[in-house]
Every structure is written in C-alpha cells, then in structure tokens.
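Would you mind keeping the following structure in view while I ask a few things?
By written order: A, B, C and D. Residues from 1 in each chain.
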Amino acid sequence: MNVRVGVIGVGMIGQDHIRRITQVLTGGSVTAVNDVDAARAGQVAAVLPGASVHPTAQDLVADANVDAVLVASWGPAHEEQVLAAIAAGKPVFCEKPLAPSSAACLRIMDAEMAAGRRLVQVGFMRRYDAGYREMKAALDDGGLGAPLLMHCAHRNPSVPDYGFTTELIVSDSAVHEMDIVRWLFGEEIIAATVLTPRRTRQAADGLQDPLILLLEMASGALVDDELFVNARYGYDVRGEVVCETGTVALADVSEVTVRTQNRHSGRVPVDWRDRFIRAYDAELQEWLNAVATGTSTGPTAWDGYAAAAVTDAALKALRTGQRTPVTMAERPEFYAK
Amino acid sequence: MNVRVGVIGVGMIGQDHIRRITQVLTGGSVTAVNDVDAARAGQVAAVLPGASVHPTAQDLVADANVDAVLVASWGPAHEEQVLAAIAAGKPVFCEKPLAPSSAACLRIMDAEMAAGRRLVQVGFMRRYDAGYREMKAALDDGGLGAPLLMHCAHRNPSVPDYGFTTELIVSDSAVHEMDIVRWLFGEEIIAATVLTPRRTRQAADGLQDPLILLLEMASGALVDDELFVNARYGYDVRGEVVCETGTVALADVSEVTVRTQNRHSGRVPVDWRDRFIRAYDAELQEWLNAVATGTSTGPTAWDGYAAAAVTDAALKALRTGQRTPVTMAERPEFYAK
Amino acid sequence: MNVRVGVIGVGMIGQDHIRRITQVLTGGSVTAVNDVDAARAGQVAAVLPGASVHPTAQDLVADANVDAVLVASWGPAHEEQVLAAIAAGKPVFCEKPLAPSSAACLRIMDAEMAAGRRLVQVGFMRRYDAGYREMKAALDDGGLGAPLLMHCAHRNPSVPDYGFTTELIVSDSAVHEMDIVRWLFGEEIIAATVLTPRRTRQAADGLQDPLILLLEMASGALVDDELFVNARYGYDVRGEVVCETGTVALADVSEVTVRTQNRHSGRVPVDWRDRFIRAYDAELQEWLNAVATGTSTGPTAWDGYAAAAVTDAALKALRTGQRTPVTMAERPEFYAK
Amino acid sequence: MNVRVGVIGVGMIGQDHIRRITQVLTGGSVTAVNDVDAARAGQVAAVLPGASVHPTAQDLVADANVDAVLVASWGPAHEEQVLAAIAAGKPVFCEKPLAPSSAACLRIMDAEMAAGRRLVQVGFMRRYDAGYREMKAALDDGGLGAPLLMHCAHRNPSVPDYGFTTELIVSDSAVHEMDIVRWLFGEEIIAATVLTPRRTRQAADGLQDPLILLLEMASGALVDDELFVNARYGYDVRGEVVCETGTVALADVSEVTVRTQNRHSGRVPVDWRDRFIRAYDAELQEWLNAVATGTSTGPTAWDGYAAAAVTDAALKALRTGQRTPVTMAERPEFYAK
C-alpha cells in the first residue's frame, strides 16, 4: 500500500521529511502540503507531482487524497492540527514538541482516547538511532544489572546568534534526553534541577551556555545532562548508562581512522542531520509501515505529554534555581506500555 | 518515476534485492521474476502484487512491464542474461561476477559498446560503503600523498563444509578487494601472487584457509590481502592504505561500548549482511535513480572484466605458486573514467 | 646522592612504597621503619639490610641515618608525625590525607612557614599520571579555550563489606578528584553538593553507593564526579574536561585489542595499583630527586589543606543534602604557585 | 646488591643506558666506560662519580670494579667485546645485533657453552613491552587457537638522508620483528622473501622504502612485515596475530582523547624512545636483577644467532628478489627453552 501523506509546515524540517518520503523511503508519497507561508507551500508543491496545496491545515486534513498527516509546523500550531487529524480519524506524525504546554498535550490525549485508537506518533527520532537501540537492548538484557545513573552530553557546534534563548536549550535540546531516558529506563522522570556553570565566551550575550540538567527517575536513578549549544568542535551526543555490574555508552562512531601528523583520528559529526539522518529515516519508514498496516508503534501522545511535563519542571527549575518536582497526570490504561 | 524491475534468479541474493526494492528503497517495484527453479519463482512472485513469473530469462527481459533487469542468478548464466538485456536496450544490474571468464566479460563489453550507451552495472557493493567512501575521499584529497601499500583482511566466520573450495576464496571473496583497490587507487592490477600459510584446523578437509593474496598495481603500489573464511570470531573486513605522509584505515565501527568483567568492548559484525547492508541499500538506490534518470553510475562492465582478468591471474597463481601477470585488453575509450 | 628514607607506617601502602624505593626507583634506600604494630615493623625491617626499627615516630625522625621521612600511617597520626619531621628540618612525604581536619592542616602549614622552606609533599599521585599530565598540558596550551565543565567518574570494583562508610567515599575516594581538579583548573573549589542516586544492590547495607559530588570552581566551572565503589566490572577512572572549543578526556588505555566471539575488546584495570602504579613510581622518584637536590615539587601542605577544607564541605553536604560553601583561609604568599 | 656496570660504547644508545642505570633504575651503577672516541668517553665519565675511563674494551672488562658489561658499541666490534666478557666470566648485555654475521654469533655461543653458564643477553627490548607481553599472554593462554598469520608494520617518521641504506632497513629495523615473532610464536623462521613496493618520494635517492618482508615460520605460519622508515606521520609499530578463533593486535595507546575541529584524536609516538622507553627500562632492570641474583633471563645468544641467520636470508632475498630459506645450525641443548 502507498501511504498518501499530507504535510503541514514545509520549513526546513518539513521539507526534509518530504525529501525522505519521496527520495529515500518506500511506501509513501506526499499528496498535499500546507504552510502559513502560502508561497512557500506553493514552491514546495510545484516539484511534487500531483500534490495539492491547501489554504489551511484543516482543509489538508480533510483531503480525501490524504491518508495520514505529518505535522512539521511551529509548536504553537501543533495542538489544533493534531486534533484535526484525530477528529478525521487519520494517523498523524507530529514533530516534537507534541504541544508547547502539558495541558495541550492532555487535550490531545483525551481526543485520542475518545477516538478509541492510537493515531498520534511524536517525532522523538533518537529512539530509532542504532546506538540508543543497542544501548536499550543491553539494558533490557539484564546482564548489567539495574541502571543507576546516566551521564549525557548534548553538544551543538553553534546556534543562531539571535533568537536562541536559554529556555530553548531546555525545551528544544534537552527534550531529546528527557524522552530517551524515559524510554531507556522504562520509567518516568519525577524531578528536575538546572545548574548554570561558567559561560562560554562563544555564546551570544544573555545566553547561559552550557547548562547541566539533572533528572531524577522514579526509581531514584539519576541523570546528568550537559547541554552545550556552542561546543564549536562538532555535533556530539554522548551517553553512558551506569548499571550495577557494568556500563554501556554511545561510542565514537567513525568509519575510518586517519593517521597523520602524530595523531590518529576519527570524524565527529558536523551537525544533527549528519549524526541522526539514519534515525530519521528509520523513524519515518516505521511510521509509514505502521500506517499502511493500521498498527501503531513509536512514541505516543503520552510520551509527548511526559516530555512537556518534564520541560515545564525544567524551565521552572531554570528560573528558580531549585530542584523542581514534575507534575504529571496518572498514566491512562490506554497508554499502557 | 517508478522503475519496474525484472529479477532473474530469486535465491538468497535475489530475494534480498527484492525485499530491498519493495520494502526499503524508493522509486522501484518488482514486476517480473524468473528462476531456473520455477516453483521457487512462483513462490516469490506470489507475495509480489502484480508480478509475473517468466519461464525464461529472455522472456522476462522482453516483458514490456520490465524497465530494467536485475541479474542474481548463478555466474555461468550471467553472460547470456546480460546480453539479452543489452540487446533489449534495458539497463541491467548484474551481481558479481559479471561473468565467470574474462572472455565472456569482453563479449558483454562489445555488446554494450555496440549498443552505444552504458547499460550494465556490476554489483560491487563495497564502493557504496561509508567506510570505503570516506577512505577514497581521504586519498583523493591528496593530503596524505601517494598511496604506496594497502593491507586488507577479509574474514568470514565460516563457510559451508561442502562445496566451498579454495578457488572460491579467490573468485568469490577476494574479488571484492580486487575491485575496491582498483577503485581506491584509480589504476589497474598488473600481477597476482597467492601465499598459503598454515591452515586452520577449523577448515574442512582440503580447504586451504587462510590465504594471502598479493596484488601489484600499475604504479608499483602493493596490496596484501588476507582471506580467511573460517575466522570464527565474526565477519571482519579490514583495510589500511599506507600513503607517503599518513595512512587511512577502516575503523572498528561499534555503536556502543560495553564495560563489564574487566573488558571494554564493541560489536564485530556477525556476517556480510550485517556489515554491508547499508552499502547494498545505497548501491541499489543509486542504480534505481540512475535508471530513472537515464544516466549511469557505478561499476561498469569494464570493472567486471578487470575483476575477471585479475581473478584468472590469481587462480593461476594459486595453482602454480608463482607470481602471475594479469592479462588485460586495453581499456576502450567508451569506458574512460 | 642516596636519600635515606625513614618510613612511618608499614601497612599495605607503606610496604608498597618500601618495595618501590628498594626495588624500582633509584637514589633512595630505606634505613628506618616505625609502626604502631611493633611486630610488623620488625618483620618489614628484617628484610631491609641495615634498616633500624624505631619504637616511636619521633624517634625515627630523630635518627641521624634518616634524611627524609615518609608517612604512611593512618590519618589521625599524620599531624604529629609531619610536625615532628618539620621540627627536625627533614623533608616529609605524607600520604593523603595530610591530616583529617583542615585545622590540623593549617597547623602544619604554620609550622612549615615558620621553618621557612617547603618540607612537606602530599601523596596526590594522580598529578603524576601520564593521562592527567597530558590532559593538563592540553588545557595549559590554551588551544581549547577556557575549561567550563569536567565530568569525572571514579569507580572501584568493590570495597570491604565491613567498615567502609558513605563518608569514606567522600573523604577517601573523592579527595583524589578534589585535588586533581584544583590542579587541572588552577583554581580553588568554592562549594560542594552531594547527590544520592539509586543504590546498587551490590553495596553493603547502609552504604549509599554510588554518589554524585558536584564541585563548583572559583571561576564558575562545574565538576560532576560519580563515585561508585562497587562498580564490579573493574577499576575505572574517567574524566573529560569540556572547554570552549573542544574537550580532552582520559582514554581507555589498553595495550592490545582482542577480537573473539563477535567482540573487539580491551582491558579495564583490575584495581588502583594496576591503574596508577606508574604514577606512584613517578611521584616517589620525583620526591627522591627533589630531596636529593634540596628542592621541592609536587603537592604542598596548602594542597593538603585545600583538600581537607573541600572534604569538610562535602561531608557536610552529604549530611545536609544542601549545597555547601567551602570555608578556606587565604592562600599565604609562601604557597604561591 | 649493587651491580657495577662497565659500558662499552657511549654514543646515543650507550649514554641512554647510562642515564637509565643512574637515574631511573635501581640496583646498578656505572663504574667504567670505554669508547673508540676517548674524548667522548672522558666527557661521559666526568659526570659519573667514581667511574673510570678505559683505553680498551678488554681493559674495561678486566676492571675488578666491573661486575657486568654492557656493550653498546657499533656492531662489528660486538664479537670481540662479548667474547672478552665471557672469557672473564662476566655477564654481558649486548645491544642488537649480537654480531653482524651468524658465524660470529656461533662463535659467541661456543664460547658461552664452553663457559658452562649463560652470560649473554641480547638487547631485543620489545620482549619487555607491555603490549607484546599481553599479546604473548593471550597467545599462550590458548583460547584463540593456534596462530596462523601475523601482520606487522614498523614505521619510522624518517631516517638520516645520508648513510641509511635499504640493507639497513632489513638488518636494523626488521631485526626487531624477526626476534619478536620467534618469541611470540615459540618457533623458528625458515624462509624470507622481500617485496619492493612503490617508493615514497620522501625517501632519499637510492633508498627502497617501504619494503614488505615475508617470514615463514616452521609451522607454516606466515608473517608479513611492512618496513617504512619515512612514514612521516610518527613512529608506529603495529602487529596483529591471527589465530584460529580470534586475533590479538597492538592497540593505539593514547592516554587522552582530544575532541576539536570535528575530529576526536589521540597521540602517535614521535620516535622509538617515546614508544619503547618503558620496555628499555624493564629490560635493563630485569637484567640488573638477574645479574645480582646470578640468574639469567631474556634473549640469549641463540636468539641473537637466529636473528642474524634470518637477517642473512632476508638480505639475500632483498638482493635476489627470491624466497630464501634460512640456514641455521641445530639448537644446542644448552639453549633449550
């Protein structure tokens, strides 16, 4: 079966997903696009044979030639668009965040539960990364004992000088670790603390970079997450889970070793696309497969909600300098693992 | 454009390519199959919506619903099948070897030249491996100086006890290095020598395993290639090119590092699919793209011929124990790089 | 010149230093020993040609055949013994801690300042480790920019079931990081916080293992230090300093790589001796050389005091669960870098 | 006991051993020196308290203040000097080669057998390298099965432009692998072949660099050894032994990993001293210990002879381009392992 996808939001991420569906993956096509910038939507559609341009997201969702919806618009628009897809009974892949507030995420969950089946997948692509998957397999195997700690680092070479705030480091960068540790550990995060180390002089005025985010898991396991968006030397995502009888860590993955000038060396990825491109591919292929077979896999609306709730706590922790408990609703049976 | 592929030979490799075209890649579909085992062809086609089964390869090639042909039959049948595709003016992807003899390869080249455009691609998938590609980029960059030596190792965990001969180690395993060093160094191989070290007791009676194959390049650069088909510990392909001011080597690629029981360790691939699956995917996707756009990339009939000529020399070297020059026709302008 | 060393305390550490001086290093001999356990002192001296046994530490210090004193007794005895050496004008190497309280360390500093020259070296052997030295060279070089963060882990395979308390993890294990970060960063620690993650079931009842110790440097740079004394898989000391344009980390040092059973692997040290034996050798050789030439290098009484002051704060932080500022005297000119 | 060493030959190597004995190791002192350059001998002795300068090697050997002799003169002088030490019944450490011809080595063996006890140790320091020792332990353990192949590379950054000949690459560089593979495999080398790849343009006129030396072991195991004395990028000694069920290889040993400018990298040693300094230290310390206790360990005159015999064959192989059997006397019972 060919899944006909309607894409809402055709900025950088949306266009990248369109390229993926049309030029990399199998089983999908892009039949409709919508964007707040109608001209941009038109340009994108122009090179997609047979794709229609819709004036509104609601209109796109209603299109009979759209089997499933991919939401890549900006965060504040997600709730309404995802709710529209649910109302239409169409599967929807929503880029993170599911919605900017946990309250909005709860409304999405309510709508999905009312619809009676899982329609929403949230774009936490790290779950599809080969490294994290092998890490999770090592943890689930049990041979290393219970996980006690995780050390993470999330380093970007740089961010735009204008418009990138300290809050965004938490809500945009750290959200990836918030989701991945929930998934790796199989439990919820109950509290967050943010530490503010010495600032790099490479950061724009007013940006507190790096940060250390501490996350406490329900079991007591503790995660420290270095967030550094001006690391300069490359895009580097590191992680080591410390268990009772051993540890498992993301490795430096370099295809070749070069020896020259008294160094042996390997490549560090240049940016997030370089690092996670295969994870994005796997993520969307699995989603297309699931849509085609009427099944559901991947991060759910509950996962989107949990990330939003932890983000709320982390942002409050950043403001107050205090350890902040995460406030979360009880997990509905509908979203049982 | 959707490329409609007819697959000749639906054994293990053929089926894997079908899976790839239908479940992994974009822009292709399998519309026809043929196999010497008609029952097997029928079973494979049964799960391919709309695919027809053809009694002969020629019949498949002639099918108007076949835009391009993929040959995955056994080697002795390749020549006739590839020639049929050329005669029909249809692009053909042929698994290695292009043909079992260099004379047969020359006939294919003649036919292709007569057809006036490149129709043949040979399945040397290593050229699509990220490691070899980064290695070639490092060499082509020039910063390391001219390449002088290459050390290769090609280790399989095991081979079937019956039917796997010492000659197959040369013609089936070593052929991958024969092609990759020609590509990496950008020059031809002019002589081969085979050394026969101490045999492993893990090999079946009569099998000389491991072997060392020495290849001399036109520039004088020298390649030593360890071929070991009962290495037991895993599937491991190693390579280091030694240049005038530095070296570049395939690295151990392991997604995670595990620390336990006084060791830190990473994964070794279990088999060739595990190691090269992404190279196979990239290879066939690029072929589909090239077919769709009427262009041509990848290893040519000339590359298939050169590998066959080197294989001839290496097999003679194995028999005689002597250094054996490679006998090759001159490279036609048609196949200029 | 041969430095005649008197050793106070001939338990495990003291005996190891005696072995080092007599069987590994050059320029020293052991001429006198003392221990609270007179029988043990006698046994040790019996195999040291010409070494005398002294009933008290003071008596040993006064021995005309003793040029320099090595204190390897238990911590509470250090102050009196070091003061005796200072009073006698003899160089003294004191195993860490210099003294169990910062007040005692201050008294030692006062005595040394009164003596007018540096006589005391404290046994922070990590400063002599090739890894930390290369790390410090990379930082001092300046090419990586200012250091902002350091991630440390200090993992022991196990500790004795009886007698090893949570406080000891701070005062005995973490003290090594307290010193090394002061040395690497070239500045003081101003506050400490202790976090208590999920306990390993491998720890004895009542032991909070692992711990996370957070150290704040005067510059604002932040250090997180995982302390895990039942890590089981080996003895592993890890460290990464994150700077403005790059990072430098202790590497896995394994002399050989073994490939077997689908893993490539290297050795993890089995215990602290295995990991740091060469650092201990270098430390004591440099001390002997300094004594022989009447000079002074290495960690000073001030360093011992600073470690004690940070330990005080960290122990209070452990008790209270609060961030605790470090209370320190001003650094006397005498101890200027 | 203090071993009083007389050093014959105080060029670079001799002076380095003197530094080692006087400033690094324990249990030895240098009491006498001799050199063909009397002025140099005098300068060296001037800074060695109590050391005498001898006009001839024989005179030094006869000195009653000399317990043992270290020969670091040039190769052609070794035979006479070592024979003098044997005649005097004094242990002698002789830098490699034991003597330039295998005939001369045989004469040394005869003299030593006549003396009735092992007096001669040859300076093959790699046997004391931690990497090779761990490799040998892995082989001797048996868990990897029988060794079948070894791949070696021996790379120097550069050699002097004048006076360094292709023959020296074999007799001076390759001799280290000749010894180490005999020791690792526990068997003799029976034939040698030399291959001459494309020359680097970094080599002086007339120098064939790199070379490939093939060594055949008695068991049939095969060793390929890349010898490259203008590798430029650093001093790099590599080795991988391929066994029936696994391999063991020298690892890149780097104390720290630096991440900067999109690379993660480690150090390559700058020269042989940097790489093997600890092996030299261990070698000479074990020799001093053996002399002090009247025992004998380490490479024997037989090992020196075997290396000379293999060197003879390899030099002939270099001249003729042919595989050349090694001609060796039978191993006397006196030199049984």
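The working rule: a residue touches a chain if its C-beta (ideal position, glycine included) is under 8 Å from a C-beta of that chain, and two chains touch if they have at least 3 such contacts.
All values reported here derive from a predicted model rather than from experimental measurement.
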Common contacts of subunit A and subunit B? C, D
Let me check something: if the centre of a chain is the mean of its CA atoms, which chain is farthest from subunit B? C
With respect to inter-chain C-beta contacts, which pair, B-C or B-D, contains the greater number? B-D
Rounded to a whole Å, what is the gap between the Cα centroids of subunit B and subunit C? 58
With centres defined as the mean C-alpha position, give me the subunit B-subunit D separation in Å. 44
Subunit A: positions in contact with at least two other chains: 233, 245-247, 254, 257, 259-261, 266-267
Touch list for subunit A against partner subunit D, complex: 233-234, 236, 252, 254, 257, 259-268, 270
Which part of subunit B faces subunit D closely enough to touch in the complex? 145-146, 148-149, 151, 153, 195, 197-202, 210, 212, 214, 217, 219-222, 224, 226, 228, 230-233, 242, 244-247
Enumerate the contact residues on subunit A facing subunit B in the complex. 22-27, 130-131, 133-135, 138, 143-144, 245-251, 253-261, 266-267, 278, 285
